[in-house]
Amino acid sequence: MKLARVLLTMVFVVCFSAQFFPAAAGEQVTVVGWGGNWNKAYEKGVWKPYMKQTGVKIIQEEWMGEVAKIRAQVQAGNIIYDMVSVEAPGAEIGCAEGLFVKLPRSVTGDPDKYHPETIHECGVASDTWADVMVYNADFIKGKIPKSWADFWDVKKFPGKRQLYGQAQFTFENALLADGVPVSEVYKVLRSPGGVDRVFKVLDRIRPHVIWWNQTTQAMQNLASGEVVMSDGFNARITHEIEAEKKNYVILWEAGYFYGTDLWVVVNGAPNMKVALDLLTWFSEPKNQAGFSNNFAYGTGRVEAINYVSETKRAQLPTAPQNIKYGAPYDIEYWVENKEALEKRFKTWLSK
Amino acid sequence: MIRNAEDVRRWLMNSATCLVIVYLVLPLIVLIPISFTSGNTLTFPTPGWSLRWYSEVFSDERWINAFWNSVVIAVSSTFIASVFGILAAIGLTWGKIPGRNLIFTLAATPLIVPVVIVGVASFSFYASLELVGNRISIILTHAALSVPIVLTTISASLRGFDRTLLRASASLGAGYWRTFYKVLLPMISPGVMTGALIAFIISFDEIVVASFLSIGSQRTLPRLIFSGVRESLNPAIASVAMLLIVFSAFVLALVVWQHSRRVRLSNR
Amino acid sequence: MTTDKTETSCETVDTHVSFKGVGKSFDGKAWAVRDLDLQITRGEFLTLLGPSGSGKTTTLMMLAGFETPTAGEISIDSRRIDRTPANRRGIGLVFQDYALFPHMTVAENLAFPLQARKYPRAEIEKHVKHILDMVQLSNMESRRPDQLSGGQQQRVALARALIFEPKLVLMDEPLGALDKKLREQMQFELKHTHDRLGVTFIYVTHDQTEALTMSDRVAVFNEGVIQQVSTPDGVYERPETSFVANFIGENNCITGTVVGSERQQEITIKLESGKILKATPRNVDTNPGIKALVTVRPERAVIDADPGEYPNGLKATIVEIVYVGDHIRIVLDSREISGFVVKISNESKMINVQKGQDVRIGWRIKDCLVFDITEQAHLSVNEIGLGSN
Amino acid sequence: MNDGIDVKSMHDRGRTPSQWKYVLCIAPMAVFLIVTFFWPVARFLFKSVDNSDLVSNLPRTVIALADWKHTDGIPGEDVFAALVQDLADAHANGKDGIVAQKINQRVVGTRYLVIKTARIAAKGGFAKEALRENVLKRFSKWGNIELWSAIANDLKPLTEFYLLMSVDLQKNPDGHYESVPEEQAIFLQVFGRTVWISIVVTLICIVLALPVAHAIVAARPNVARVLITLILFPLWTSLLVRTIIWMILLQGNGPINSTLQLLGVINKPLNLIYTRFSLYVAMIQVLLPMMIFSIVAVMRRIPVNLMKAALSLGSPWLWAWWRVQLPLIMPGIFTGSAIVFVFALGYYITPALIGGPREQMISSFIAFYTNKTLNWGLASSLSIQLLFLLVLVWLIMLMSRFVFLKRTEK
């Protein structure tokens, strides 16, 4: 009886703390992006114009790409997110599991008007990023590297290199260094012995490589001259060049792969109608360009580039002058092989 | 001769101690100037001094929200852990419960089991209960992580408690609740407070469980710092870190004060 | 089993507390208290006296409500109370180590029982002030217990047990932690407080002096059984059992065999040496051949006494003379007993006896009490030794 | 404490009921921990052997493949019919994604095969007659005997697949266990790395803690209090904050490098961060206070005169320390080591922020498989490894206590 009083008080307090949840009011939609400058660019370039136009309130959240969380929300029927920017493999897996809504043509528009792999039955590109080759011109003078083969050539360009410590990106870059054209990379990877070839190429450069696993780390090593060349995410490098006045050079012409994050609408989202309306609005090229004007990542719609300012345009992976050197990551390949290849790569790395 | 060897040894030991203390404490002190930089990067020496990063932190709604979020979660989980902890400590310290030591060991496991496992396990559990993305799940898990600490500190102070006082209270006509609130609780309150403060810090600093269980608006302060750090190290992070250190120092001062109070009470 | 003259007129006495057949066992095997029958008169100062582990504190705690009797019933004013929770019994209790609440001031400690009884604030202040005056601690009210001396703490503890005006006050060795001088002073204060308030005091102690100084009656406990309930002089002068005889005061003990009894209140004992003594039987079979214990208090034995006045006597040699202050202690050895103690006044003419001198010890028949030796059986050797040390 | 009766509480109204009250006091905590901790963890650990995602979504296939052995060749018409029917149902229930994921975990590169087959099956795209041939014509991969034996080997409610994987083992088509190919054998290595890092951290902590503990015990009370507060302070500071501080301090243009450059010790920033070194530096700073306090707690109980006695008996200081002081503080070192080691084992945040790819410990892999590839069976199996280590440490602690007790009894 006396114990019951304690328990009751406790239950009351717990319930009370649950009352802190904000109540939904008016038309609103929760969009989940990758945080930081990415979110800021979206807010400035896309959400604000939309809110001004429609009066809908957009609540911005950020996450780290854990699809398991969306799965948990959907399975529990307790959905908080409406629209989420998901990495392409995540979108693929989630779509197959029915976590995301299949988008009708009326929302996305004609798929042919998109860059390849930037549209999916469950999503449209929120941004197109690229893993590019970069060097610090403060430390490389005279002879200038031009290709991934030069990246691998430690005789011609002495000094440490830096590569991302995971299989995706590094595998593609290795094959480019081995003379495989961008369009052939996945053909080689899928062929028997393709992966073995990658590891042979990697074995060649292994003693000269510092492996990064965070962008912060990659940029720091590049800035300090610890490494002379690196791969890295293009917008992050552009940010360093512009904000920190760094003397970095991005080598688009060395060949690169671009990846896509996709806006998906969560199945059973509380504000699904608003979310779909927002996506419809977003699929207009003009509206898509709002993001690229504030951040050096590209868009899905090909035409959107026309609405991007001249200076920004050259920094985008989807700009016509760059995209001729690039190709999209093969989502299917990585969805099926990521776990096994990452494991094999980490095994190799640990040796 | 021996005198000298003794001195040399003492000198060596003291300098080793100093070095270790410097290693433990200096990093926290170095943070102070860095957090007041006027530059855009975390460089040292700083290009100039300013409060701009502090004002940025205080004007950014995300930091403020995350701070209050962390406070609500920490206070609630501490409260829950303390209530369960006090009750269980009484039962375990005064009762003749078979398997007492086993219960103590089992109750300590939340502290020992790696947080990643706790995080993943709670995530999968609360997902099945529709409680992910809800503060309750984080509060309950943090409370479970705090129970061992609270239980230990309260049991320790109960062991030092003279139970004759309970009889005295009853003989003077006080009922169960009056005895609990007026006699037992004030007497063991230093232990309870110490346990509660540690529990508060555990929850306030906890990041792994929070990153598994928090979604969007439930983001806690450490979680926000963590995602900030992964993107870039900027001086705002240093300012937040500085504020957290000041906060911890404050809590530590409270604990030390409580401790001295307990010593005073037990020296009667 | 023990009745004294004071208790025979039971009906006319106003019984306050009554134990009937009370027993307590902690482990279901051994009795801590056994077959306890005890009536306590209203307004009486009763002391429960006994060595530690004799069951006196257990008895007190059963009355206070902290232990449940395994058998029998306890009543206050003819109402059974053994199922009433401790906090509803309205009994004042003073603890051995005072059990003052260390986190409260003196005034808060004193107000505690009144707050528990929901007295109005003004009333509480009045009572606290009054009781502080009574125990002469008026200027100490805002101190904490650790800022008080032992005697002051004791007074606060007493005041706290009295402030809610209980009809019955229990004290569990309340003076045990004080030094000797203070203890004696407090004994008188307690006695006077009792006289003034007229409430019933039940007092637990293992200190016989305390028991004898303050009490109206003393109940002597041993091994969970009351050996004797009587007035202080009753237990000292007329012990019922050898335990009481030995526990209270000092005694010289000699074993012997009963020869026979020629008349009422006189018995003949033959010691091992063949020496014949006349003695007063207390608790012994008078059949010849029975082993018996003869006791003589040191202050009742006389050295070189007149055999007419002191018919019992032993030849002995003085082995030690100790000057104790208010008296002189002479230790003697004889054939029958080694270490026989005689206390004499320090003004006595005997003061010039010498060590090694052969003397005759003598005592009166009425001062020589005889007990059944089987009674003696459970008394440890050490305690017997005490009397002849 | 008189007469030994104080063990009973004020509300003792008889023996048995009072004990029940104490049990009632413990009950809320017990229930709370069981519900919020033990049950979730147990439930999660069960996922390491749970195979219901596969079995419950392929009910017909389970029956059809019951007697099949890989020596029988590609299964017959009935198995294909069962599979097609199961996949059609799975697609309708939205479970084909999970089935595909599970099969892909066993035979890499089959995810889309399963999903596409399921899609077509759901639409009734396979003709009823000669179903097997029909399926094989469209998806020749279903003619792969390895795929079938991998599925058939694991169609049971409880599977050892993930547990085996977590110790770099696999089951060959005959049902025998064998090591995974060398280039896939990573977990034992990670396991070893985790243990190694924890051991190194523990040993360095012992070495650094001993002089500090000596100093604290020898110091005057006031100085000791200051020292303890100084050591306590970092312990009270957020682990995340301290990791970030090390990130700031150790970075290329951070204070340490700039100071060294300013002093002219180096002319190019040292690579301090994202290395094993930085990981040790950060971890030890976090864990050292616990070691110091464990040793101090024991040292405080050792009489100061023992060392003086040993020295007065003519032994050199170091020898006296080794023979007299060290054995007595051994229990403290043991407790401290157990705490430090156990905490180090579970490190996740610090390696993630301050270590390179080769510094990642088991916890990182658990998080990776949970969040990124959604392979919870494997995440759970790796957790079991970690817990196994904890139990081992605990047993060693118990045994060592026994040994120490025996020694002091002698």
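Each chain gets a letter, A, B, C and D, in the order it is written, and its residues are counted from 1.
Here is the rule we go by: a contact is a pair of C-beta atoms (placed from the backbone, for glycine too) under 8 Å apart; a residue touches a chain by one contact, two chains touch by 3 or more.
For clarity, every value in this text was computed on a predicted model and none was experimentally measured.
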Response to the item:
Per-chain Cα centroid nearest the overall protein Cα centroid belongs to chain B
Response to the item:
Most contacts overall join chains B-D
Discussion item. With centres defined as the mean C-alpha position, give me the chain A-chain D separation in Å.
Written reply: 29
Discussion item. Quick check: how many Å separate the C-alpha centres of chain A and chain C?
Written reply: 91
Item to complete: Please work out the Cα centroid separation of chain C and chain D, and write it as a whole number of Å.
Response: 68
Worksheet, complete the sentence: Chain centres from averaged Cα atoms put chain B and chain D apart, in whole Å, by 23
Worksheet, complete the sentence: Touching at least 2 other chains, the residues of chain B are 41, 80, 83, 87, 123-124, 164, 167, 169-170, 176, 179, 229-230, 233
Fill in: Multi-partner residues of chain A (at least 2 other chains)
3, 6, 64, 68, 71, 214, 216
Worksheet item: What parts of chain C, by residue number, touch at least two of the other chains?
Response: 66, 85-86, 96
Discussion item. Considering only the defined contacts, which chain B positions touch chain C in the complex?
Written reply: 162, 164-165, 167-175, 178-179, 182-183, 186-187, 265, 267-268
Discussion item. Considering only the defined contacts, which chain D positions touch chain B in the complex?
Written reply: 6-7, 9-11, 18-19, 21-26, 28-30, 32-33, 36-41, 43-45, 47, 208-209, 211-212, 214-215, 227, 229-234, 236-242, 244-249, 251, 253-255, 258-259, 285, 288-289, 317, 342, 345-346, 348-349, 353, 363, 366-367, 370, 376, 379-380, 383, 386-387, 390
Practice prompt. Write out the stretch or stretches of chain C touching chain B in their complex.
Written response: 64-66, 85-93, 95-97, 99-103, 112-113, 115-117, 144-146, 160-161, 164
Discussion item. List the residues on chain B that touch chain D in their complex, please.
Written reply: 5-6, 9, 13-14, 16-17, 20-21, 23-25, 27-28, 30-31, 34, 41-45, 80, 83-85, 87-88, 90-92, 94-97, 103, 106-107, 109-110, 112-118, 120-126, 140-141, 143-144, 147, 151, 163-164, 166-167, 169-170, 176, 179, 201, 204-205, 207-208, 212, 222, 225-226, 229-230, 233, 237-238, 241, 244-245, 248-249, 251-252, 255-256
Discussion item. Give the list of chain B residues in touch with chain A in this complex.
Written reply: 40-41, 72, 76, 79-80, 83, 87, 123-124, 127-136, 139, 176-177, 211, 215-217, 227-233
